[in-house]
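Across the two complexes that follow, chain A remains constant while its partner is chain B and subsequently chain C.
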Partner chain A sequence: MSAFVAEVTARVHQLDEVAPVDRIIFGRANPFAIAKRDEMALTSALVADYVRWHRDHNVGFGRFVGRFEPADGDDLVASVPVFPIDLFKQLDLASVPNAEVVRRFRSSGTSGTVSVVPRDDVTLARFAGSMRVGLRLLEPWLSTDELDINVEVVSLTASPQEAGDIWFSYAMALGRAFASSEFLVQGGVFLAEAAADAIARHLANGALVGVVGPPALLMDLLTWMGANGRRVRGRDRIVVLTGGGWKRRIGEAVEPDELRREAARVLGLDSLEQVRDCFSQVELNSVFVECAQHRKHVPPWVHALARSPATLAPVAPGTMGLLAYIDTSARSYPCCIISDDFGAIDPEPCPCGATGTTLRITRRVARSTGSEGCALKIQHALQGPEEVDG
Partner chain B sequence: MTGPAVTNGHAVEVPFVVAGRRVDGRPPAIRHVENPWATITIPEFSEHMADELTTNAEIAALPTQEIIAFLNRLGCLWRTDEYPRRRRYVRQLQEVRGISEPAARSEADWISLILRGHTRIWDQLDVELGSRFMLDDWIRREETEVRAFPRGLSVHLLAGNVPSAAAVSLVRALVTKNTVVLKAAARDLLTPAALALSMLDCDPLHPVARSVSAVYWDRSDEAGRALVERADAVCVWGTLDAVEWVRRNAGPEAEIVPFGPRRSVAVVGAGICTGTELEHVALALAHDVFLHDQHACFSAQEVFVEAPAEPLLQELGRAFGRYSELLPRSRDTIDDAAVVSLMRRTAEFLGAEVDTAADGGWTIVRGLAPGSQHPHGRCLYVHEVTSLDEVSAHLDAYVQTVGVAPWDLCLAHRDDWASRGVSRITELGLMNLFRPGATHDGYYPLSRLVRLSSTELPSAVHGKGVVAPINQTERLEHGTLVELVMS
Partner chain C sequence: METERLDATTADGRRVAVWRSHGAYAAGPVILLAPGFCRTMRHMGAVALTLVQNGAVVYRFDPIDHIGLSEGDVRNFTLTGVAASFDAVVDLAVAREPVDQVVILAVSLPARPAIRVASRTAKVTRLVLLAAVVDVRHTLEAALGKDYASWARTDLPAEVAFERHLIDPRPLWDDAYANQWADLDGTIRDLCSVECPVVAVHATDDEWSRLDDVQHSLDRSAAVGPRDLYQLPFAEHDLGGNLSAMPLVLRQLTLSALESPTLETGADVVLPELEQVIELRSEERLRMAGEAGGVLTRSGS
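What follows is the complex of A and B.
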């Protein structure tokens, strides 16, 4: 167990009483093996407790919740009011005293209007836990029991120190909590050759290599390796995890399957299953990792729902709507949010065998002016100016 | 945005007009522009096409009266549904843009009014250039004679938020004798083409018709960028990004005529107290909120009401209901719907009172300022103020129009508001009407579309304050240059 995880576990155990959500996040049982019926009951119980706690500890949220009285017969979880993530740009939404906030994380962006999300130790620990739980979906390519033994992470991001309070970089750098990590964006410049060197070195040393970063920089790395005769034979010793989306480089985006094929070709992977994507956002406190079927799994402590763009009422699984989440792992702020993303909850259970909700994220809501996302900060130095109307 | 034609929704082909010549799309040189309701097929803009877009000397030589007469004939065509192109335009606005039939008819009516308004165009020339004869003759100005000349090739990058704004930009450039390239916005490919094609309907050989083009190019298109670079004037409507793009890409001598993002507000004083007055004011406000689905720069987004606001608010619900029938809202995209829903929920979190139509067609938010971005979609933010002196703190150079009721508020507050950057003050209900003499975003656009030349009187004419012929050599020799003007 790494020092980081040990510290986190110790912090959680310092609590007078281990919260039910912590038993799931940090327990030994696989949260993605809970039967559907049990999962629904569990999520409902967690959400009810969660909303009550934040209602009592956060005046603004309490007043907001008070405006919405569920009607008789309403699904209590679905009727929990969710609020737009834009509010994190306007308000300090802390539910804990300021002294307990260890860090305020920001979404990236240059407009000056970024989300600011206060997190305490418990919330951060749970986020790390959610990442570890998500990595279970990478088995058998990556064993979570051996993460800290012989895994080397080649991170196509800035170091946490360089990234500051940018949530994306913090989240993508979380591999350092479980394994030795090297950060290949330095001073805003992506060091493709150094990344290729690191991969080759770790493979030669017999390590299992995790390549982690935004898809655009992964593609940059693959392109560089291909063009410079640096393809490797990773076989089953490389796992690739992308996150953050293409953002401003959306014009260069390739289909996920194409990216996977290119990664498999250049890195010499045995299977396309070794390339996964994951999703998180600064306002959310959990990571949704893709399974072998390339579906993003929502852990059972998060309630995810698609809502009608016109009324914000829940829509049926399979129907596109605005994705909303209640993430009961967020203690320091009420994570009852409706995102800017269109997507849908998958109507059928995932054939991978893991239980739990899976979802598809389609695209951002189009507003009259663009918004910039997390991957931007890293990529800014690597590209030309943003396209504009003209 | 581009891609193969879809099988659902409407399939519409829109031609270009290049220097007065209709250009239909021929595969493979076509592109498909998709929106939720239709796939529009247009020709591919090419370097070859761009090469044809040059200054047409014919229009520069045309008397202004002939240009205005041609526009008037055109406007008369657009006046009724007898004109097939108007019928098609009204239908296509509904099919392609989801605009309601009454609102589509209103757009066509405005196009007709803008083109037909010959007396108002003359007045506009008179006010903005100093004389309505300025483009046809040398006009005496003190010790000179001045004449206005067209800039030459004018490119108009349209925003598409208000379809009839294409007609405004077109008329301004034509009456100043410029060659016109209307570059459509992706969200309104119809209006520029309809305008240019109707000129060909009117008289394809007329110099005005031959001086107008209607095209579209993608934002990354090099031929389009190069065209902007060699334009003599660029009218750019839209976002700050669009304006900045033009500033980066236009030639150093080009006149840039920007109509960047603006917002507008309404102000209602406490003097409105009788039922009839309240009803009238509420309807006027509803008009200024509902027209163009609040996408125009002159659309009222907020109203400041001198306390008590309650009587007006009660009347507003009825007025908004009435206008929902007069100008039914355009069909929403899911993005439009999401932006408004998220705004409502944000307002609820922040403790504001939120009143919404049963069908979601309009929203009144009380006790909250809009965030950095107004959601449009007929959302009105109501601020109750104890004194109208509080209003000025909310005004800046991004406020284009302030609509007031009662009218005498204008006299009391205009110095203050205008000094804060407000471009126009109008009566409530008239925020969309630019009267002759009105400024647009702080200036007179016609004056930016011409260049002025002057011929100055010879030395034999003494000039004011000079009592002898002007002989500078003699005065230099005698050291009396300073005496040229008598004390």
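What follows is the complex of A and C.
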């Protein structure tokens, strides 16, 4: 007699899916190796989902986009309504409950009032992930495999404790998620000698040294090292990453190539390729890092477009316009923004071989009453007519 | 979370560096954490912190002949060395804590020796495996780009690089053949001797360790003891680097490791905030550098 015996197997359970944008940010595949056609389809799909999500979770944004219905297609991303970053100075644009907001980050405030941007853990994690993805463009000078193993970052910024809610300093300090970091702005004072000591010490210990900070403080460091006989021979063991622009010290700004040459001379670098700049801003949730050709690459989860300052219509690649972004990594606020920066999308693929849109940022827009009027109309939509003063 | 440094000793007298972490209460379920290959116990900080916040006492360790603080160099890495390290830390934990049994939580390659350890001792009450390697030969081929297991011993190079660490494949090859580490069948045989519950948390897109292999090995041993597989759709092998998936993974690992005696019915897992995790990473990097007697280097990271 044979008895039926049920086969015992493992119980299988499904966890929540990793979101599509996280598959790109945190996946093994290089986001800057996606073919152009695939990249456009990918960005389009991400943007469609992104706009729907914020429309459904953010009443003001839902009112702003109105009947706009995202649909797949090449024209989608250009048709998504975007709003000026000025609104971050006036409205709380959170798309998540207050309890999920980790911090409300502020811009550095070089002029007038500051933007306030709410971020949750997911949004912050994605920003940190975007930094790591951007660093792939530094290969072969820096391998992301090596980041948490043999890299020492000499950061010409404040510690995260001192940075508080100021986004630039906080964002720069997020690099400590991936690499050992030392912060050389203490009590608002840049410690050039300590920075030079740290670079020399880490080189002597065989580490790969990352010198990270705003260009003005890098120049201060280079000047101090040159004047005090502290030049080093970094060869291929130093990479320099600047960000944040010259801000209040714009009057002292030097051309990027001059800064690169000075860094290479004082730090004894093998190549000018070891000095890169990167771009972000408090309202954006990703970092655009320069490649070896010194072009800033936009990762595929961000759509960047130059728009006419008069009509906000997209302008042709290569033509100057107001830079607008849809950054699908920002969960806690709708990042569908028109920035204050003039620039252009490069019309040709980058000779460095990495894919992704590249852009040039040239200058900041001077404010006019015309744009304020435009902003007021959009604020009206985001906030609701009954809530707008005057 | 408070952390103290301890040392365990293998049966042949080699030193295994251990970090013991606990929270407000020094006693609780005891969980051993083994990091993935070419990671160290500091890379398990987020998992340790979460477990401690939920009432566990955690023993993290670096295996011998590996990177980290224990004796030996990763050049001579073997899975038998990892198993010996597990044995030593299990004995240390049971000797020091008011418990007879411990939970093992192993990540990636050390999951394979963890299964063998659980198959030969009653001191392991539960086995939790994250991104478990069950077919060592397949994983090494995927990670190194070559199937060295199919090579003749005499043809093997003196060293191969993995994430910039140099490893001599010959002791690894010798050990794999002598001790049946290499293939999936060996894993299934060991699992069929593991009577305690086994829980695997595994990404569906793990190219280094196929989900099908993990499920197959759990299915084949399910008659021996409870087996659960939690699938994480669209994630990959290196879950530690996925900051966004981290809360989901930490929550499931904690639920799997602690089960109900510690987590009251209906209570949810207390998860650390991202900033806490990043701070801990910075602190433990410095701690490890300090214990190593200098800065982090390729051999001592």
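Keep in mind that, in the parts below, the second predicted complex is superposed on the first by the 340 of 390 C-alpha atoms of A that agree within 3 Å, B and C clash if a C-alpha of one lies under 4 Å from a C-alpha of the other, contacts with A are read in each partner's own complex, and residues count from 1 in each chain.
We adopt the following convention: a contact is a pair of C-beta atoms (placed from the backbone, for glycine too) under 8 Å apart; a residue touches a chain by one contact, two chains touch by 3 or more.
As the structure is a prediction and not an experimental result, all values here were calculated from the model.
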Partner chain(s) touched by A:R37 [first = chain B, second = chain C, both, neither]: neither
Touched partner set for A:T311, first chain B, second chain C, both or neither: first
Touching partner for A:N205 - first (chain B), second (chain C), both, neither: second
Contacts of A:A177 with chain B and chain C, given as first, second, both or neither: second
Which of chain B and chain C A:G27 touches, first, second, both or neither: second
First, second, both or neither for A:R126, with chain B first and chain C second: second
Chain A: partner with more touched residues, chain B or chain C: C
Residues of chain A that lie at the interface with chain B and also at the interface with chain C: none
Parts of chain A lying in touch with chain B, wherever the complex brings them together: 60, 63-64, 67, 81-84, 86-87, 90-91, 113, 308-312, 320, 322, 338, 340, 342, 365-369, 386-390
Parts of chain B lying in touch with chain A, wherever the complex brings them together: 157, 159, 185, 219-220, 224-225, 228, 238-239, 241-242, 244-246, 249, 332-335, 337-339, 341-342, 345-346, 348-351, 360, 371-373, 376
Partner chain C, residues of chain A touching it in the complex: 8-20, 22-23, 25-28, 102, 121-122, 124-126, 128-129, 132, 143, 145-146, 148-150, 152, 160, 174, 176-177, 180-181, 202, 205-207
Interface residues, chain C side, partner chain A - complex: 43, 163-164, 201, 207, 215, 218-219, 222-223, 226-238, 241-248, 252, 273-275, 278-279, 281-282, 285-286, 289, 294-298, 301
